[in-house]
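Two complexes come next, and they have one chain in common, subunit A, joined by subunit B in the first and subunit C in the second.
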Partner chain A sequence: MAQEAHGAFYDLLAVRGVSRRDFLKYCSYVAATLGLAETAAPQIAAALEKGTKLKPALWLNGGSCTGCTESMAQVDSPDVATIVLELLSLNYFETIMAAAGEQAEKNIEDTIADGGYLLIYEGAVMMGEDGNTLLVNGEKGTDILQHAAEGADAILAVGACAVDGGWVYAHPNPAGAVGVQSFLDGVKVKTPVVNLPCCPTSPEWVVAMVVQWLLVADDDPALFLEKTALLAKEYHDNYRDADVSLLYPEYIVGSTIHDNCPRRGHFENGEFVTEFGSEEEAKGYCLYKVGCKGPQTYTQCPVTRWNRSVSWCVNSGAPCIGCGGLNWVDNNAPFFKRLSSMQMGGSLGNVQPGSVAAVVGGVAAAALVAHGLGMKAAGRIGDGPPMEEMKAYDRKHGAKKGGDK
Partner chain B sequence: MSGHAHYREAHPLVFVITHWINLICMIMLAFSGFYIHFPFFDGFMGVARGMHFVAMFVIIINLTFRIVAAFFVKTATQLGSREVDTDIKNWLPQEENKHQFFETVKYYLFFRKEGVISAKYGSLQKIAYLATIPLTYIMAYTGFCLYGPTADWGFFAGGTAMVGGPMSMRIIHYFMMWVFIVFTMIHAYLANIYNLNPSKIIFAWKETDH
Partner chain C sequence: MARTVIDPVTRIEGHLRVECEVKDNEVVDAWVAGTLYRGMETVLLDRSPEDAFYVSQRICGVCPISHSHASSQATEAALGITIPEGARLVRNILECAQFLHSHILWFYNLAALDYVNPINALKANIADTYALAEAAGTRQADFGAVAKRLTAFAENGQLSILTGHYWDHPGYVLPPELDLIATTHYLEALEMQAVANEVVAIVAGKFSHPMTSVPGGTAFVPTVDKLDDILFRLVRVKEFVDTALIPDTLAIAPFILDAATYGGGTGNFLSWGVFEKSDLVPENRYLPRGMSQGLKPEGVSPDDVTEYTNHSWYDSPTGLNPKDGKTNVKFTEYNVDDKYSYGKAVRCKDLSTESGPLARMVVAYLAEKGGADIAGGADVRTPAKLIDSTLEALGVGGKPEILVSLLGRVAARNLEAAYVADLSLVFVNELIAALKGGDVQYWKAAEKADGDGVGAWEAPRGSVAHWIGVKGGKIDHYQIVAPTTWDIAPRDDNGVRGPMEEALVGTPVADAEKPLELLRIAHSFDP
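Here is the complex of A and B:
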């Protein structure tokens, strides 16, 4: 099924109404996502034109809302991204595959048996109730993942849920959701996992990884890891009580949203939206005061943007809710407040740090005033109290005079 | 406890200056910190952050200098005395402070009438003044975990990962500001509860008798 000639490739584009120019533009866009210079675009284009043999892939869903699949399918017209993704022969893709029932399940087994495939995993790994919180065809989701992961060349963990459990992992996490890397650490599967953040993940990042894998690294797992600038981030998985190290493409998580934000000028000038629907909002001021988590969130959203680079959260007027970060719901809720609330549990519920601070400050001030009144009542103000002749300790231990000073 | 003189020997000029620098930095850091935490008026963010980023270096250099100077400068060994010794000895607990911790607590809780024998400072004050050293350094550590140019250094990134990410670090930094605010309230209260002479010497370097 390899696409042999240039001609065939451009025919394919033409059928989909994509011009050569659109194609080159998209290639430079992918280059940017990979952190490559604009000059890498022709190389990517050439590689794509040359075509390559189809890469078998499995797209497995764990505890997910299928939002990442949605995000991938979010194309208004068939475009280059779709064509790149067609380089993958997705033998199993729950949401959109034609096969069903036993045939579909058999496709997984066949792919695993043949080897040399890429595993794309969407959603959280559901470890709760001994893995029974997610069953597919009577089989535990955890077993399916472990089995598929063992034979894969590499794994793309797409979306926050696959990265660290995402919102499913949020307190109190009754389903026992964890990320792919954390789960695989636990069952000692060493297949490399590359994490793509956000809720949902950006289709462009998946495309960039496919390009990187098939065209830049020539379908070689070792070369892929070597040629992709990767960054490790550590976190503590509370469910498994284990430290986990996640690999991300550096360019995607290397800088904060705040650093690349087009509203940053308003931030520095101290021009803020205080209320939605206000004049300030109409002027496009900075969303810091209405809870923007851009300063704490390390993703490339302002550069890649969403929906084929049409727009992104802050651009469309919504504060970043930090979905690209780790344990992102617990760390960022409530979304329209500057700091997250602290989960105190019990009748206290979730409390804003500012409220706690105000109580502590208030109690301290009140205590000092009360103490001051006490000091006055005790007649100590002015010259102070009469001094003791000797320390109480020395008196007790029988010293006659002086003692230990 | 305070029916005594306040001489310059207790606070030589160099420490009057470091105390001023510390106070000014603290005010700048707390004010700009409050503003960064939640901008309560418009048009100041650039300045607030600039202020924070300058004062944070100054306060750390100032503290470090103050500690080093404690080994060279001589200060009064006792309240209301001109007799001096190397400052660090008077900063750390002295002979007079031994066995006096609970007595001091009792005194402040009105469980005893007489004042407690103490040296340059009472036990509680000593603990508080010494605690400000690690507290300020920890404050700086949490701050540098948030500071763009240093946040991804392993030394700081490790700590950020340990507390659960940059948001948790911000909240810790924010709470620590309140630790400083409460400390300052208690410190200013206890120092000046009997009369304002301690302020005269530490701010204006003005001696008072009796």
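Here is the complex of A and C:
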């Protein structure tokens, strides 16, 4: 029986242009992304081989720019990642689905009625103007999300806007944007939410989480969180005036961009780009002095890279703007100024380098401070603008309006 | 009277509602509404001017590069910066890559499903499919394998993204063999749009949301190696445009010739101009700045823009140019007789004006016919050459007025892709030559801390302009007129319909329950 099922599965993959070898290779990648040993690959393959029935999923767009959808379109095709995505029956996906209007809405209702689906949500949750800042066929976007979330096995909040409102949440948050977890806390929906950071998010991360869900979906969807190595981050949602705890895959947010940056060696050597478009950039020097937020941003960007791993922000010559952090616009702008503060994790808020060592025991944090301060003491980075005590933006607006403090 | 409503309009960026009054199988009135408000212009206030480059582009994840360029141009105008030659070429290459990505994705992966029926492709005879591809001069692939793949997909019983659509609509008229060819190219297009975006990633870190075209120039410093990586990808993409996009357009057009008889809209066209020449003069761009009324060319400036709000959910003053404009949101209720959209009614010279590839190609065509050398002597297929030869091929030579229609809008986008594909190689080669000449500049610092500026540019889907005011080193004014704002505009204070609303009026509707024709009109604007 099992053998037959496997055969059917590989037939399905074969017509979609995927060899058995490609598939197993892909499973190794997924294992790595999930933070598992590569020896877990055969188990992943076995779990995925269980059937040829596609698992249903809904992809809803809230207050989005469609950038995360665009990002998803950038996986290799026909590539194993895409194919495994095809293992989902994406019954609602506004940007690419054929149906529109009534027929499209019926797809949502049918999927919810059948149950056992994964909900992927892109964009901010729009609460402003009494929930009328997003309307779909006269229905508030918030009501649609709540309805779809209640019946879902699990939710992926993809991209900065879905995580905590993203740029839309930035001061003064005129449209009343919040993140998915915060909104669901407010309406007391307990469906588990896994957050995937950055603006846009990485398609590889989405695929990894989809596979993780497929692995457990047939047995017990409740295992989704249990089997995923997760890290919690807390923040205060100023719009709802509530503390929110977010779950992220640990492998994706477990280390800083600075930790994995291929330009790190230049940082150590004191070799910096001080002006855009310069010879130093052609040499690939460190972008710290033009405002790189790599040291305070916890994502896997330098490892995953973007657009089928062709490049990523720092590689193209641009300083990281920290879009993987919480309330990233308020906390990281002005983007070109030197590191204004070193935020060592959401719960600590803005902490200046001098005090970080006193309150943070983490090896990475201490090492980072040693770097920054040590290099400053050595005079190697001392010729830039001074570190700000407080970001100019926060100073002007006060802590209650902008920033995470 | 019966109202036909499509909400949500899918296969677009953002949230759009189309409502039509249909009488005797024809649209007699239409209302188009944007139903999402996020407040970008307000979020930008009080920040450092350079931050607008990174934040404002996030208004749209489908054309972020054009927004980032318009934003940087506005900041540069405000702070007295003239970008250096190296930056001009890098930005042109980046913009080309996004145009190619966007046009390929639009035709095959968004709009094609209004004409192409992948379910019908299952009936195709494989030998006949090859014969048809040969006759049409379009790209061949393993059509048998694709048919097998589709069959497995259909037999699985779960149609995923194809679920629930009206595939039985009489508007699906292509023979199964052509459906199979187009579906095959749908799959290839998924690959090609991504290849185009790999160029974006090399130059700007990633797509969506590019990182490098910062105010002053670019943070990307090309090397011959990097330009090599870019060139071979652009050559691949151009080949796809030449061997699939253009011949497929010509192969499908004869089956939908009635689409040349409606959907034209207001016939007023705007282009801010895109792809800069060395002189940085907007009227001299490779796709030049200009306007057209009744296929007569005229000049245009961002000062000609007015935004009305009487039919929009704002209580800010109506009838202002964006340099004085405000965006104070105030939702009331959806009422087509009063307020019904988050889009403002933007007008140029007080006219309901269409923007996008059709507008750009018309403006460029008229400029060329008036004697302008818009390609600056480069050996490329210019808009006039492309349009004239296409009209000829469809048996309507010498009748450019036929462009002002649904079919014209579809064709213009694909023809523009051919011109842009040619230009992309010109720009890369120019930059390679400049690198060999040595000492190319990519970035300049600001001359002053304060000022006002406008950046008016073109995105794949239409005209984009950003207005910035900087005071005391901070942004104290910011307004954006996004590409889609032009085309999905609601009625203005004089009750005049927006371009998409106007294009919908007169459209035949075979089955009001399955308004395929209305989707075609909406999608033709690539909203």
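Structure notes:
Heads up, the rule we're going with is that the second predicted complex is superposed on the first by the 288 of 405 C-alpha atoms of A that agree within 3 Å, B and C clash if a C-alpha of one lies under 4 Å from a C-alpha of the other, contacts with A are read in each partner's own complex, and residues count from 1 in each chain.
In this text, a contact is a pair of C-beta atoms (placed from the backbone, for glycine too) under 8 Å apart; a residue touches a chain by one contact, two chains touch by 3 or more.
Remember, predicted model here, so these are calculated numbers, not experimental data.
Using the contact criterion defined above for the overlaid structures, shared-chain residue A:73 touches subunit C, although it does not reach subunit B. Looking at the shared chain after the overlay, A:25 reaches neither subunit B nor subunit C. One of subunit B and subunit C touches more residues of subunit A, and that partner is C.
Applying the stated contact rule after C-alpha superposition, one finds that A:268 touches subunit B and leaves subunit C untouched. By the document's definition of touching, of the two partners only subunit B reaches A:326; subunit C does not. Looking at subunit A, you'll find residues 393 touch subunit B in one structure and subunit C in the other. Interface residues of subunit C facing subunit A in the complex, by the touch rule stated above, are 5-15, 17, 35-40, 42-43, 46-48, 50-51, 54-55, 58-62, 64, 84, 86-87, 105, 109-110, 113, 145, 148-149, 152-153, 156, 158-167, 187, 190-191, 193-194, 197-198, 200-209, 211-212, 214, 216-221, 223, 313, 329-331, 334, 342, 441-443, 445, 515, 519.
By the touch criterion given at the top, residues 1-3, 37-39, 41-46, 48-49, 95-96, 98-100, 103, 107-108, 110, 112-117, 148, 157-158, 161-162, 164-168, 170-171, 174-175, 178, 181-182, 185-186, 189, 193-195 of subunit B touch subunit A in their complex. Residue ranges on subunit A touching subunit C, taken from their complex, read 11-12, 15-17, 52-54, 56, 61, 63-71, 73-78, 82, 86, 88-91, 93-101, 103-107, 124, 126, 128-130, 132-138, 141, 166-168, 170-175, 177, 199-200, 275-279, 281-282, 290, 306-308, 310-319, 321, 323, 329, 333-337, 393, 396-397. Every residue of subunit A that touches subunit B in the complex is listed here, in rising order: 233-236, 256, 259, 267-272, 288-289, 293, 295-296, 322, 325-327, 331-332, 338-340, 342, 353-354, 356-357, 360-361, 364-365, 368, 371-372, 374-375, 378, 380-388, 390-394, 404-405.
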